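Letters A, B, C, D, E and F mark the chains as written, and numbering starts fresh at 1 in each.
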Amino acid sequence: MSSTGFNTLEEFKKFREKMNEEILNRGTLNTKRFWALDGAVYKDGALDSKTKELMGLVASMVLRCDDCITYHMIRCAELNVTDEEFFEAFDVALIVGGSIVIPHLRRAVNTLLEIRRMQLNGESISI
Amino acid sequence: MSSTGFNTLEEFKKFREKMNEEILNRGTLNTKRFWALDGAVYKDGALDSKTKELMGLVASMVLRCDDCITYHMIRCAELNVTDEEFFEAFDVALIVGGSIVIPHLRRAVNTLLEIRRMQLNGESISI
Amino acid sequence: MSSTGFNTLEEFKKFREKMNEEILNRGTLNTKRFWALDGAVYKDGALDSKTKELMGLVASMVLRCDDCITYHMIRCAELNVTDEEFFEAFDVALIVGGSIVIPHLRRAVNTLLEIRRMQLNGESISI
Amino acid sequence: MSSTGFNTLEEFKKFREKMNEEILNRGTLNTKRFWALDGAVYKDGALDSKTKELMGLVASMVLRCDDCITYHMIRCAELNVTDEEFFEAFDVALIVGGSIVIPHLRRAVNTLLEIRRMQLNGESISI
Amino acid sequence: MSSTGFNTLEEFKKFREKMNEEILNRGTLNTKRFWALDGAVYKDGALDSKTKELMGLVASMVLRCDDCITYHMIRCAELNVTDEEFFEAFDVALIVGGSIVIPHLRRAVNTLLEIRRMQLNGESISI
Amino acid sequence: MSSTGFNTLEEFKKFREKMNEEILNRGTLNTKRFWALDGAVYKDGALDSKTKELMGLVASMVLRCDDCITYHMIRCAELNVTDEEFFEAFDVALIVGGSIVIPHLRRAVNTLLEIRRMQLNGESISI
């Protein structure tokens, strides 16, 4: 179980893609603008993309959003975040957010195992 | 997946009904009073019921509660909220609550598709 | 005390204006875009501006942000929201968000008293 | 500083009382019912009032509401909660809620010092 | 459905155990220390373990974490919390946290039914 | 106003220091362990201290804790985070957490101005 309600990363990615398409087709101009902005803030700038995705990951953990955690973990893995770096990021989320973060940490570690399995098998994790 | 852990609106409604009954049978007098009050605040008054259900929907989205979102979407649909109105309400929730709301928005749009499908088929959505 | 740390609406408005200016001068293009989007979603559309500001008010109350509550109350008052309508909106926030909302409700009522006083005196509340 | 925006417990109590009166005078029947219910759930029952006030305190700390923390601390002190018990309750809030609770813990300890000072001086803390 | 994504308490306990092991094997020294501390704060002290687990339960309900609720309910049941006590604790969570707690209350009552069924059958609920 | 209830960084630092001392003197062994752990997770490791403090800053912004924001901003400034980096971190917090973050962003920018003023004057900001 990589995240709430999804059994695999593949399932998560399919539902996400299908619904994003639906939202961008039917949403208002403001919805589309929000989507564009959400992509833009993580681009390389004064801070590099890896640092920003790690920030996004920790923010998602303390706000306890499994889908957001999964998304930022995939992005981090694409940017070569190591297991050691992941676990130190988890520690920051855990101390800031408290034990209430633990169930999400369990699912995050499960997601990490799945990401590493896919990478070992040469499967694309890209999102 | 209309909401956390439920595959269909029907499943959501069945679990909700069964558990509400259990709670009202076994809960205290205070529990029952809370339930009554929760129904009462959405009735027509100085503000009409539709406006109040839309407020309840946006509040549920920024607090990120899928079951609450599903409930208020059904009530809104019963009160003839249009797709255009739903998407503008989603925009308010999105800007106030941020990208952390997006996974719930995806599930809300999926619920909207299911509601419209049921309405087209002449099935009752009432809750 | 109209909101956290401010003694009057005037004080709130001055700090808000000064800091908004600082942020828009120094922030990134993405910051400016977020600001523009935040203004755009409350404009008249399928739902009118009054309904959207009431949604913004209830969302701010359940998320417990005094400055946001003050802002949306001023906007609501400019759009002729009556005391009766305010109190029914407060009830929705109270039932959704629970007793944890009460301290913010106390400050909101204090703000309402100040807004009505200013309106009676013919002072501008506009923001 | 006993809590957000208040310099003393006396100030907190005065503002609270004045605004409660305003709310109960002007609020709807539903507002009054919520207020009554909020008092009722902390009464002695299968669990005693002290246990319930301690629960209310921990809930207020993890939700990070200074006024709510102050209120439940006064009630706990009236029910003879000792310093040792307060600090163990603080530990539960700290581990569940994380370091984000710390600023509220600092203010809670300040409030505790003020409560003990008043009790030593034979001043009433009752609320 | 005893909690998010799990169909039975057994499923919850298995995933929890497996992932805890993974985390303690791979996490940092700080992760392990957090885990130890999380166990330590609920031990008998000035306040007994039952009171602390009830506090943990109410904190988990207002923060709306199903897995945390399930965990503290099991611990409470092991410490002989009665149905009457559970429902009074639920009332405190409901009034503090608001109607947004209701979906979690429904799942908590479902978990309570499962716990009582297991206890009647002489099955171990221990965690 | 650098943060909730404090008029200057100096005031914030004094209250923080005094109350930390009180807490560490009177708190339990578990309280002290939490404090130690809270320091430890931000040390250089696989990720450097600057990255971790930036994570702590963004986490504090989306959780909307002014004192925590002030603390991490001081630490970031000590680690030579530039204005450009601060504003990109603010953008991540803003998009993840939504407009509800804006009042905290205003106070954060005010704090940044104060930090830069102190650094220009050769005053110590260290915490």
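Note that contacts are C-beta pairs under 8 Å (C-beta built on N, C-alpha and C of every residue); 3 or more make two chains touch, one makes a residue touch a chain.
Computed from a predicted structure; not experimentally measured.
Trainee: Pick same or different for copies subunit C and subunit E, depending on whether their interface residues overlap by over half.
Mentor: same
Trainee: I'd like to verify one number: the distance from the centre of subunit A to the centre of subunit E, where each centre is the average of its C-alpha atoms, in whole angstrom.
Mentor: Spacing between the chain centres: roughly 27 Å.
Trainee: What are the residue numbers in subunit B that touch two or more other chains?
Mentor: 4-5, 28, 30, 34, 37-38, 41, 45, 59-60, 62-63, 68, 87-88, 91, 94-97, 99-100
Trainee: Take each protein chain as a node, join two nodes whenever their chains touch, and name the resulting shape: line, ring, star, complete or other.
Mentor: Contact pattern: complete, every chain touching every other.
Trainee: Once bound in the complex, which stretches of subunit E touch subunit D?
Mentor: Touching subunit D: residues 37-38, 41-42, 45-47, 51-52, 54-56, 58-60, 62-63, 68, 82, 84-85, 87-89, 91-97 of subunit E.
Trainee: Sort out for me which residues of subunit C touch subunit A in the complex.
Mentor: 28, 30, 33-34, 37, 40-41, 45
Trainee: Which residues of subunit C touch subunit D in the complex?
Mentor: 1, 4-5, 64, 83, 87-88, 90-91, 94-95, 99-100, 102-103, 105-107, 109-110, 113
Trainee: So in the complex, the part of subunit C that touches subunit E is made up of which residues?
Mentor: 62, 94-101
Trainee: Of all residues in subunit D, which touch subunit C in the complex?
Mentor: It comes out as residues 4-5, 15-16, 19-20, 22-23, 26-28, 30-31, 34, 38, 59-60, 63, 65-68.
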